[in-house]
Each structure stands twice: as C-alpha cells, then as structure tokens.
Amino acid sequence: MERPRHQGMTKNTYMRWRLPLICLLWEVAMIILFGVFVHFGPEADAHWEEEKREMNLTSDIENDFYFRYPSFQDVHVMIFVGFGFLMTFLKRYGFGAVGFNFLLAAFGIQWALLMQGWFHSFQNGKILIGVENLINADFCVGSVCVAFGAILGKTSPVQLLIMTLFQVTLFAVNEYILLNLLHVKDAGGSMTIHTFGAYFGLTVTRFLYRPNLEQSKDKEGSVYHSDLFAMIGTLYLWMYWPSFNSAISEHGDAQHRAAINTYCSLAACVLTTMAFSSMLQKKGKLDMPILESKLHIQDTCGIHNLHGMPGLIGGIVGAITAAAATEDVYGKEGFIKAFDFTGSYKTRTPSIQGGFQAAGIVVSLLMAFAGGTLVGAILKLPIWGDPADENCFEDDIYWEVPEDEESDVYHMHNPDKAASP
Amino acid sequence: MERPRHQGMTKNTYMRWRLPLICLLWEVAMIILFGVFVHFGPEADAHWEEEKREMNLTSDIENDFYFRYPSFQDVHVMIFVGFGFLMTFLKRYGFGAVGFNFLLAAFGIQWALLMQGWFHSFQNGKILIGVENLINADFCVGSVCVAFGAILGKTSPVQLLIMTLFQVTLFAVNEYILLNLLHVKDAGGSMTIHTFGAYFGLTVTRFLYRPNLEQSKDKEGSVYHSDLFAMIGTLYLWMYWPSFNSAISEHGDAQHRAAINTYCSLAACVLTTMAFSSMLQKKGKLDMPILESKLHIQDTCGIHNLHGMPGLIGGIVGAITAAAATEDVYGKEGFIKAFDFTGSYKTRTPSIQGGFQAAGIVVSLLMAFAGGTLVGAILKLPIWGDPADENCFEDDIYWEVPEDEESDVYHMHNPDKAASP
Amino acid sequence: MERPRHQGMTKNTYMRWRLPLICLLWEVAMIILFGVFVHFGPEADAHWEEEKREMNLTSDIENDFYFRYPSFQDVHVMIFVGFGFLMTFLKRYGFGAVGFNFLLAAFGIQWALLMQGWFHSFQNGKILIGVENLINADFCVGSVCVAFGAILGKTSPVQLLIMTLFQVTLFAVNEYILLNLLHVKDAGGSMTIHTFGAYFGLTVTRFLYRPNLEQSKDKEGSVYHSDLFAMIGTLYLWMYWPSFNSAISEHGDAQHRAAINTYCSLAACVLTTMAFSSMLQKKGKLDMPILESKLHIQDTCGIHNLHGMPGLIGGIVGAITAAAATEDVYGKEGFIKAFDFTGSYKTRTPSIQGGFQAAGIVVSLLMAFAGGTLVGAILKLPIWGDPADENCFEDDIYWEVPEDEESDVYHMHNPDKAASP
C-alpha cells in the first residue's frame, strides 16, 4: 500500500481512468473542432502571392511572420520554461510545477485558438490563423499559469484541466468585452492577463481553502538546487518581458518603443526589489528568488503581489495616461493610431477613453470574481481526485518519483512508507 | 589504482593520447579543408551590394539572414541544450550526456558544412555558405544526436567521434539521393533526420550488444534533480520545434504555415502522451520526462519510439499526402511551388510523386542498416577505449567528477574505491 | 548568533541599511537622469512615419528593430543566464553567482545607457535610444560580468555595485577614445569588452588580495549538479556568440558574415579545448565545464585565460589584418565600408589603420590598470561589508539559504553552527 493513510483520510487520487479519459476526450474534441473551423490566415496560406499583390507589398519579408515570429518564440519560452520553472522552488513539487504547467498550457493554447478565433478571426465560417493568433493563445494561457500559481500543489491534474477550460473561455469573453465593446487599450495585458488571471486564481484558491493545511508546512520549503531551477524561470520571464509586451504591438515604431520601455522598466525593478528584499529581512540578507519570498499557504506563489497588484496598478496608470494624452506627445497621426480613434470611435476624447479604461478594470475584476466562484464551486466536488492535506505539495502522489536522497529525506518524515520496498 | 577491476576486466579506457590526437588531427584537417574550399555565399559576401542589384532587391532586410537567423538560433539551442539535457536523466551520466553531445555536435557541424557543401553549394571549386547551410549542418548533426541516444553511456568519446564522421557522411549521401535524385519533399526531416538517424543508431547499438549489461542496472535510474534537467531539454525541443520545421521552408507563406502546423500538432501531442503515460502506469501516475519512460537497456533513450516510428509515420503520411494532392488546396501557383514541379520535373503527377516519396523511405532505411552495420563493426574493434560493462552509464570513467553526495552513493556501491583518497 | 566568529574576525557583513540605501538612492538618480535626458530615437518614436519618408524606406520592416531585435535577445540571455550560470560551479555560491550577476547587470545597463548615450547618441540635449543602444548597454555590462568572474565569492553586493558604477564609466570613456578618436574597428569587442574587462577585474582582485584565503579551499570545489548548472551557462554563451558578434554589424552581408564566422570558429574551438583538457589531465579524463578548469584562488573563474589572453590575441590579429587588408578581398566599395575610410579618414591607409588598432590595445590596457587600481583602492575601504576569509565563496552570508542536505554538509564543517536552530 503506497499511499499513506493518516487520520482517516479517504481521498481517492487514483488517476488511471480519469486523467486519460479527460485528456483523450478533449483532444478528440479539439481535433474535430480544428478540422471544422480552423484555416490558415491569408499570410500563411498558399494563396499569399495573390494576397501580397492586393496588399501592395513588395517582398516576402513583409509577411507578418517576420515581424512577430522571434517575439512569439520568446513568449513561448516564457509560458513553458518561465512559468514552469518559476514554480519549482517547492522542495518536492518540481515535477508538478513543470509538468502540470506543460499539460495545462498545451491544452489551453488549443482551446484559446478556438475561443479567441471565434471572437476575433472568424470569417465565412472559418477561423483564419496566423502568427498573431499563436501569440494571443500563449497570452491567454499566461493568465491560466498565473492562476495556477495560487493553487500550486493543492490540486489534481484533472482539476487543473477543468480550470483551464473555464478560465480560457472566460478570458476570451472578457477580452472581447474590453477590446471590442469598450474599445480599451490593454498594454502588456495588465487587465486581461494579470488582473483577471490573479483574481480569478485567488477566488478559486479561497474556495478550495484547507483549514488544516498547516500540517504539511515542512514540505513548503525549498532546497538549494530547487531555488536555482526557480531562478531559471525567473530570469527567462524577466529577460523576455520586452518581447511579451511588444509581441503584438503595431509594426514599426510602436513595437520598437514597447520593447525599449519594458527593458528600462525591468532593469529599474531589479534594484528596487533587491532593496526591499534586503530591508525586510532582519539581517539584511537577500532571498532567492526574490519575487517568491512571501509564500502564503493558500496563495502558494504569492500571485497577489506578483500579478494582482501590478496588474491593477498598470490598469489604473493606463486609464490616467489615456485621460491625459495629448497630440503633442504622439503627433496627430500617431495620436489617432495609438488609441485607434477611427470609424465609430472618431469622436472619443482622451478623457472619455480614460473612463472606458477604468470600466475595463472593473469588468475584469467582476469576471474574475464571478468566474472564480463558479470554477471554485465545481472544483470542490469530491470527484476530481484532489490530494489530501498531508499530500499537498508532493510530487509523489501524481508522479513516478525516483528513489534517491530526496526520498530519503521524505522517508525520515514518513517512516511508515520507508518499510515498504 | 582508481579504475575498479572486477571479474578480470581488462578494458583500457585511458584517453590521454587517443582523444587529444583524434581531436587535433581532425581539427587540423577541418581547418585545411575550410581554407581550401569554403567561401562566403553571395548574401554574406562583401560584394552583396552588387548581388542585391542583380536580384532586384530593394533593401538589406531581404538578405536571407533576416528570413532565417532567428529560426537558426532556435535550432542551435535544440541541438546543444535540447538534445544535451534531454539525456541527463541518467543518475550519473549528466556530464557525458551534455559534454559528449557538445563534442560530437561541434565536430559534426564542421564536417556537415563540408559534405553538404560539396553536394549542394559547390560552385567553381568553392563551397558557398550562408545561414541556410548553418541550419542544414545543425539538422544533419541532429540525426547524429538521435543515434547517440541509442548508445548513450556505452561508448567512449573516440567512438562517438568516429560514428559522427561516418554518419554525417552517409547522411549527406542519403540526403543527396532523396532531395536531388528522387526529388522528394522531406518535411521536418522525417526521412533524412529521424528515420535515418534512429535506425542507424539502432543498428549500431545492436552491434555493440552487451549481454551482461544487466549488472549495472542500478545506475540507469534517474534522480529527482536529473529529471528536472532532462525536462529543460524536453521543453526546448518541444518549444522550438516550430522553428525546426520552418527554418528552411520557402520564404513567406510556406515558412509561416510550417510553424503554425507544428505549433498545433505539438500541443495536441502533449495531451495524448500524458493520457497514455497515465493509462500505462498501474496507479495512473505520470512519468517524468514522459518521452523517456521506456528505458530499454540496449536503446538507452528509447529512440525507436521517439524518432524511428514517428519518422516512418511522417514519411508514409508525406507519401500519401503527395499522392492525394490537388490544385484546389494549394492553388495552381502554390501547387507547382510546393512540389517544385518545374524544369525536368514538369511532367510529374501527384501519384508519381507519392511513389518517389515512398522510395525515399526505403532508401533511408537501407542506408541506415548498411551504414549502421559498417560503423557498428568498426566501433567493435577493441582499440577505441569503450567502457567495461560495469562502468557503463558512469561519468566517472571519462570525466573528473567532484566528490560529493553523488559520489557517496557511488562509494556505497563500490566499497573498494572508497578506501583510496 | 548566526555568523560564525573564528580567529577574532570582526568583519561586519550586515547589509540591512547599506544595500537598500545604495540601491534606492541610485535608482532614484537613474529615474531622474532618464527623465531629463532619455528620449526615444527616431525609429522608436511615434514620428517614425515622417522619418521613414525622409529615409526613403518603403516598409515598417526596414525599422532597425527588425534587423537587430532577435540578436539583442540572444545577447540579453548571454548576459543574464550565460554569465550568471557559468559561475554557479562553486559548491555553495550559486545564489551569489546568479543573483549578484543579475543585480549588477540590471544596474549596469541603466548607467551604460546614460554614459554611452552622452558619448554617442546625444542630440539637442537628449539621448536618443533605440534597439542598438540596448545591445551596446548589454555589451558594456558584459565587461563587468567578466571582471566579476575574477572577484566572485570575495566581495559584498555593495562592493559589486560600486565597481559596476566605475567600470561602466571607464568602459564608456575607453570606447569613446577607441571608436571615435582613434577610429578603430573592434570586432566582437576584443579590446573594449574582453581585454578591458579582464585586466580591469584582475587589477581589482590583485588589490583585494587575501593572503589567508587558502583556509576556505574546501568551499571552492563544485558538486555534481552545480556543474550541470554551469554547463547551462557555458552552452548559452557558446550558442549565442554568433549573435553577440553580429548584433551591431552593418545591415546585410556584414551581419550575415559575422554570424557565419563566429559559428565556424566556435565549433573548431570545442575540439581543440577538449583535446587540451584531456591531454593535461593525468588519466586523460575530461573536466566539466572545461573552460573553468584552472581555478586560481585569486582569479576565481580564471578570466585571464578566458577573456584576457583571447581579447589581446583578437586585438593583435585585428591590427595585423587591418594592416594587411587589400581591396581585392573586400571589393572597392566593401573595403571603404569595412574600415569606414570616409570623411576625415579618407586618407588612411591599411598600415596606418593597423597602427591605430595597436594603439587601441595599449589604451584599453592602460585604462584597465589605472581604473582597476582606483576601484581596487576604493573597494579596500573597510566600510563596504565584504566577507571575512572564512566566509568567502559562501551564499550563507548574504542570502537566505534553505536548510537541506547542502547545509548538512556545511554543518559538518562548521559544527559550532549546527548547534543553533
């Protein structure tokens, strides 16, 4: 009997039919939906030569692919290596952090391509996809990775897949309301990705509150090498952030500008963060990785500080900046372009735009709380194989873990298991 | 006496003159051959301004460099970090995995530039190289990395360099037959890289069969952190695969399309693989990294499942797709472009093309079996310093290994060594 | 009492007010200086449309961003992951290597943007920045990372920040003398980055000489996994070197050529290095990572062999090549372009250019020795919280280190600490 049974625990974390079933069913659904709906967009289609002539382009290099592909790959690394390894700091949950992040992101991007496609790239019954859609799907999944940070170590892979399905759906709806109905600018995804992702995750984790989780506190620490793995994640998120923020900016100066801005801001953040990290520690020592220092039991990665607050601040600053914008800064042409004050939005003034930006924040928060409540309630059903309190933050329950010094440490804490081979 | 001597073992793994000698001799040969044969191609040459005028290009950005360099760097990371770290899952063979992969790939790309250059970029006695040649050299070496996976832990660095010399040579010949003589399309290198590389490696490992290898079974396991290192390799191979498949596609829509296709297919694979991994484990647990779960003693990394079968399937699907292709899908212009039905191939029909594609698979398999047999026979000669059975899967034999907890574990299994300082 | 007190040590390494104070003060200074001086360059500015018309460009893709951004991101990874992880090979100094490198590089790029901006991009009282400035700032910081290698483990974070401030300043002055006054070509930064950085660092470390450092020799070794982390750093520096060397080359063929040259040279280096590594070890074994094998106590990473000598050799070869250059090789147009023999430099001959190149080496060395002496003297003041000899090469003194097997090893060597909780 390999699973330990303390204090009358009756949780069934056996995944053998549940996980494969849900994975295969959903993948079949994806393949059918892709077959029915997804087509190459004009710039990825073999008819591109005709398209190029129509758009009056002179060279293949003006294909959107060459404007965006390098940034796309950077974003891709952020989602899979950055978020995955960022969360490896827990002593015994490295496989779960990297592996579940991989699973939910890989599922999420498929569903995001469909959901975002129906809202934004739907023409004549077909979703037309190009490199920009791939970036947007990665962005959408980024918000799921943020929410994952709040419930890390306390859920089964089946629960994560269900959360992903709902969160991607709600993300696409929220994004549609903000970008298309409110005509809001959401630089760097402050509202759609960070604010929505963080408060959605926090609402879910509040629902899954475990009053007795304190017991397994000894497993929440890190070990020396797991912190270095987490540093890989941290650095990749930091280094590629300029790509994240510029990946879908307008061609030319706007993309250039977004990258420069992010580069400079991020450099400034490092010094400030180090300063506060050293100031808050009683001997002035630094903590590694710094961003994760406030490890609250029910918000595993501290996403409130990391994404929630910054996202809100970003959103509010965006609203104020919009309200205060003038043609002097942007030039007449650039001004209209920056806020897209064309067509039916021709009459919008900066101050009205500021109001709509503020409305965008409120909508994102409402969607996060309502959606998080719904999903939290669903995940609380006792059929998804979530771990018992004593097994939280432990790879052993869902992964084959090699027998080594790591598990020796484990056996010292779980002597009843050490006896079995 | 540091090397253990069990059961009358007489293997001489002393590398001090053999490895330096072969490295230096070959490097001298490379430098001479590069000096004699290699020149910059037109787009990397200082005469490019004239070239640009002749090709009727309007801007420096239309230099092939800007179409391909980002993808090249992604492929480069796949070869050196991806393949290198993928194979770090063995408990005590991390240095060998990363370090030997580095050694053979660095040698292989030089020899590949020459071999592929003579076949494909030879003009007026000179090999003209540009960024596309670098990518092709990396691809060629990729097939050696695949074969390395089958013999990982059972060969000396000298043997690996000899295998690389032969395999790169045969790869170039096979590639020439397929692409130039049979006029076959080999999307993603299904036939030239994966099928050829895998069956070449499997033939070699069958020749090097060690009936008593079971003894060292305790060294084949992984440890917790080595699995996380392997996950770095896995993720980079997965994330950058769209670059791998699109790196040398035609400019414009074709490159765009190849990247999108790969992105979507790979996402689907993750769910399917997780499903089967969970289904096959008796408690429904997942294995990390999943792709390497079937560790057969004589096919160390399980390359048959990982590259052999997928390569074959890719090749067969390619043949069927070609045979079934119609102008409706590609448009008349795109159709001719996709299969390059120009010049002497003007009269080829899709069904004839399908036949040639099938012939390409057969040729690749024959080259792999014949070449693998030749190389296996050469490597079996008792002069290359291969490890004794008890020293397989151990860094200690060819690398300076630091004394730490790792070696403590080792000493417990090798008490005769623990006594010496 | 957590800090061990041996042999009457009285060093005060308490960072709680010094580090936050210097970080915050400097960051405030940076923000003010950026506010006053820094503006977007023409290609990152919203007025780019007008600029594009003036420069007679036809498409947004001709924005410098698309020529350089992918290379920039590769360089960025080299600085933060490459240099950071390269230095993780020390047994107990992984946090310091990655974390301090992160801190000094993040501060350095801000100061470099200003210093280099005043010298090279200053117009009408404003520094105009674009992607090329970001690359140059990363390059400048690269020379600080090189110098960091010499003093790794022997300095406090405050000392590192002070060194960075001075070194970036001197780098910018030296660069201005070489590139603008002497009109020298510095391919790959041989003189400005490697020679200057290495000899600056070596002068500083000579000043900080610790005669009793031998005591802590047991901490300088590596452990199995720390070597694999170091290999990540090594590989990223190696793989992305073609981007480093081509990142700010002229558009078109020059950038293409620089990347190809570096790719081929680096591949050749691997075999040669492996050969010598194996030859120098008494049993012919290889060392990992090879480049760091000569660990001298006072030049922690052996930067003399790694950057000093290669930089000098690169500089000398550059001088000889320049002196021997002819129009045959470059073509008339390319020849003038390669050395920029225009304007007031129209009359320069190759041999005169060779002389100026040689002068560039001398100037770089003088700047390194004089600057290193100044900075070394400042850092020797007993107010910066540097570690005592017994605490060198130890994360524990400046970082929160998790309690795990790593610290168990530590406690065995420091029994007086094991008693405290």
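For reference, chains read A, B and C in written order, and residue numbers begin at 1 within each chain.
Keep in mind that, in the parts below, contacts are C-beta pairs under 8 Å (C-beta built on N, C-alpha and C of every residue); 3 or more make two chains touch, one makes a residue touch a chain.
These numbers were taken from a predicted model, which means no experiment stands behind them.
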Type of chain A:chain C copy interface by residue overlap (half), same or different: different
Angle (degrees, nearest 5) of the CA superposition of chain A onto chain B: 120
Centroid spacing, where centroids are CA-atom means, of chain A and chain C in whole angstrom: 33
Chain C residues counted as touching two or more neighbouring chains: 58-59, 61, 66, 70, 225, 232, 405
Partner chain A, residues of chain B touching it in the complex: 57-59, 61-62, 66-67, 70-71, 74, 91, 221-225, 227-228, 231-232, 235-236, 238-240, 242-243, 251-257, 259-260, 263-264, 266-268, 270-272, 274-276, 278-279, 281-288, 329-331, 333-335, 337-338, 405, 409
For the chain A and chain B complex, residues of the former touching the latter: 2, 14-21, 23-24, 26-27, 30-31, 34, 38, 40, 43-50, 52, 58-61, 63-66, 69-70, 73, 76-77, 80-81, 84-85, 88, 94-95, 98-99, 102-103, 106-107, 109-110, 113, 129-131, 134, 157, 225, 229, 232, 397-407
